[in-house]
Amino acid sequence: MKHRQDILFKNSLGLLSWAFIAVLVAMILSLLHMSGLAWEKIGFSFFTTSHWNPVKHQYGVAAFAWATLVTSLLALLISTPLSLAVAVSVTELMKKRAGRVFGFFVDMLAAIPSVVYGLWGIFVLVPLMRTQVQPWLFENLGWIGIFSEVPYGVGILTASIVLAIMILPTMSSLLREVFQTIPLTQKEAALGLGATKTEMIYLSVVKSSKSSIVAAMVLGLARALGETMAVTMVIGNRNDWMKSIFSPAQTMASLIANEYVEATHDLHLSALALVGVTLLMISSVIQLVFRAIYARGRK
Amino acid sequence: MKSNFRKTKDLSLKVLYIMGVLIAIAPLVSVLWTVVREGYGALTPTFFTNTPAPVGEVGGGIAHAIIGSFVVVGLASIVAIPWGIILGIARSEFPKTITDNILGFAIDLFMSIPTLLIGLFAYGLIVMRMRTFSAWSGAFALMLIMVPLITKTTEEMLKQVPLTVREAGLALGLPRWKVILRIILPGSIGAVSSGVLLALARISGETAPLLFTAFGMRTFSQSLSEPIATLPVQIYTYSISPYDEWRSQSWGAALVLVMLALVVNGVTRALIGSRTRGKK
Amino acid sequence: MSAEFTPSPILQVENVNAYFSGFHAVKNISLAVPEHQVTALIGPSGCGKSTFIRSLNRLHEETEGATLTGEVRLAGKNIYTPGVDPVEIRRQIGMVFQKANPFPGMSIYENVAVGLTLQGGFSKVEIENRVEKALRSSALWDEVKDKLKKPGTSLSGGQSQRLCIARALAVEPKVILMDEPTSALDPISTARIEELIFELKKQTTVVIVTHNMQQAARVSDFTAFFLMGELIEMGITKTIFTNPKERQTEHYITGRFG
């Protein structure tokens, strides 16, 4: 590295690298700046209260944070077993070629834009939920609190299902990569002991990939928390505490998408930016957790 | 001999796993089927050539949104493609330095940040200053989403080129920058451009960051400092409108976006896939 | 020992020590490489011969964490003097690697021409002439002259290694280093490359690393035996193989270890 042109080259790359890092820093500072007014006026009670009323200048994020958490966790609950099933089938059960084709189909789920899922949600999933799924759950399981609301179609559960579909390819492709690196000898050892195929899959594949499964869940969670358009279009946009998993609600992301353009008052805009900062903090923390788990799993 | 119970359990678990795959693919089939069924009828010639007609009149189109998407995505690409490729080169050719570690962290963090917030940043930086929604601000947001995507694929593709190819270049008495830019990069140009195409397809469908940057427009924009219509935002605004005509055009626009995404993804996957398989 | 070196040395190595992040891979080596001769470096794997050959064209330092002390003089001038441009050195000391590594995405012609085109300052005709000459010298011309536009990666293993030799020759280096150039090849391809090496010393000087003692005996004029990072003995090949001075050399050659 003593060639003069090479030193210049390396330094130019370094400069452009730092320029990108600077953009990230600028972004964080800018969001903090935009939310400064709300922080000043509302303070910590922003996180602990749940009244969101721009007319009365009341801003609390708790209900939205709760709805964000619930939709994301529900999505994980649906998506985790499915992505495990996909990863196992594609790497272990199917013939190589079939595995590749089905894996490709699942990956294609990630290619479809969020807004198209939202459109599909409005016109296919929401009617289905309203006329079929929710009435059935309400009738048969209505005595459990979480199913106890008249069906609107839109709401927490519908949003969770759409989210589950959207995070499925992310999770399953990570799991597939991990399963593919499991040495054949480890599998043969289990089969050699007389294990059936599915016992082998449990013993040699799933059990040894525990930390990767957790990593996939964290990654899925990160995607679900920040997903905006599809959720905005099917969650019902009601600024209130959810009563059941059928309730129309509002996530942090959908709140910003819905109100930011129409907000006129400075404090309202700033409060929405503070919601954004909250979301940024949550997604950064989750990214750090993911890196820690993933790095450990790879060792 | 395996007991009957274990055999039955084995079989039923296999069935469960495969059912999981089918359930996972069902939404894809449903989305594609609906988009084609609902969108096909909307794709008339005027759909591509006209701007929206007043409600109730036939013959409206979304040409302004198609052009708008091209403009915003094009503007974003002018900066994002070279910047992304350069950062990919930096990561693959000069790894494990302090700069590289911090850059790697920044790239990962950027990819995990909800794109909505990148739009919020563009609003604060550009829209608030210009006091108007604009193509510039939308392009800026999309550019920031695009750079890490291109960096990641470029880095991965360049890392597949064996170290000895670089050494062979150095051993010919060529400076490292020439080895990288004239030998290594052209040698992986197919794979790198696949990555660029994937990123283009991805940002073409981005909606949330455009809501309060590019915003939207009922007709063609006259300047880049004006609000501008884009396909994804058009899908959103039409989808929540009460008019059947608009909803139908929303599906038409969705069909265009989905076809673009599937074709680009399918083709590039096949290319990159065969390439990586061939290397083994 | 020095009495044996009748031809004048093109490379003189003095007290070279090479390290990888603290690991002492090459220990205090001094030797001379005679001009227009083939010098073979032999020894068991891990003996430091590959690291040593990479320090002769300053490629060693391109590895992460690699350091080096000592002097290597090319035609009397130390290539490690501060201020000397390693790029300039590598133009004069070419290298061929263990596995053939043609440049992906380039045609056969481009592969050979690239050292000149990217260096700049050569006319098109000049480059064409040099490419043909290099391909003839590497005994590849007759096999590829009708398909120069085909990708370099389309050739067979032996052919692509000869392509890599042609690529190195086109720059017309004073010395050409070969790091186990036939270890990935079948016997017939190996034989062709060995013949080639014999021819090459008319126009350049060859230093070849090999773990195949028969190969060293067949192609080289001088042989140096490395063990655990140290140079045990160097001399005329025939002497080394029939009448080595050191016991360790004798043990290695007669197959008692390594």
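Labels A, B and C are assigned to the chains in the order they are written; within every chain, residues are numbered from 1.
Everything below uses one rule, namely that a residue touches a chain if its C-beta (ideal position, glycine included) is under 8 Å from a C-beta of that chain, and two chains touch if they have at least 3 such contacts.
Quick caveat: nothing in here was measured; it's all calculated off a predicted structure.
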Of all other chains, the one whose Cα centre sits farthest from subunit B: C
Closest chain to global C-alpha mean, per-chain Cα centroids: B
Chain pair showing more contacts of the two, B-C and A-C: B-C
Centre-of-Cα separation between subunit B and subunit A, whole angstrom: 18
For subunit B paired with subunit C, centre-to-centre distance based on mean C-alpha positions, whole Å: 47
Distance between chain centroids, defined by C-alpha means - subunit A, subunit C (Å): 55
Residue list for subunit A, restricted to those that touch at least two other chains: 1, 3, 6
Junction residues of subunit C, two or more chains touched: 62, 87
Interface hub residues of subunit B, defined as touching at least two other chains: 175
Touching residues (chain side subunit B, partner subunit C) in the complex: 96, 161-162, 164-165, 167-175, 178, 182-183, 186-190
Residues of subunit C defined as touching subunit B within the complex: 57, 59, 62, 64, 87-92, 94-95, 97-99, 101, 103-106, 114-115, 118-119, 164, 167-168, 171, 173, 177
Residue ranges of subunit B touching subunit A (in the complex, touch as defined): 2, 6-7, 9-10, 13-14, 16-21, 23-25, 27-28, 30-31, 34-35, 38, 83, 86-87, 89-90, 93-94, 99-100, 102-103, 106-110, 112-118, 120-121, 123-125, 144, 147, 175-177, 180, 201, 204-208, 211-212, 215, 232, 235-236, 239-240, 247, 250-251, 254, 257-258, 261-262, 264-266, 269
Residues on subunit A engaged by subunit C in the complex (per definition of touch): 1-4, 6
Subunit A-facing residues of subunit C, complex: 61-62, 85-87
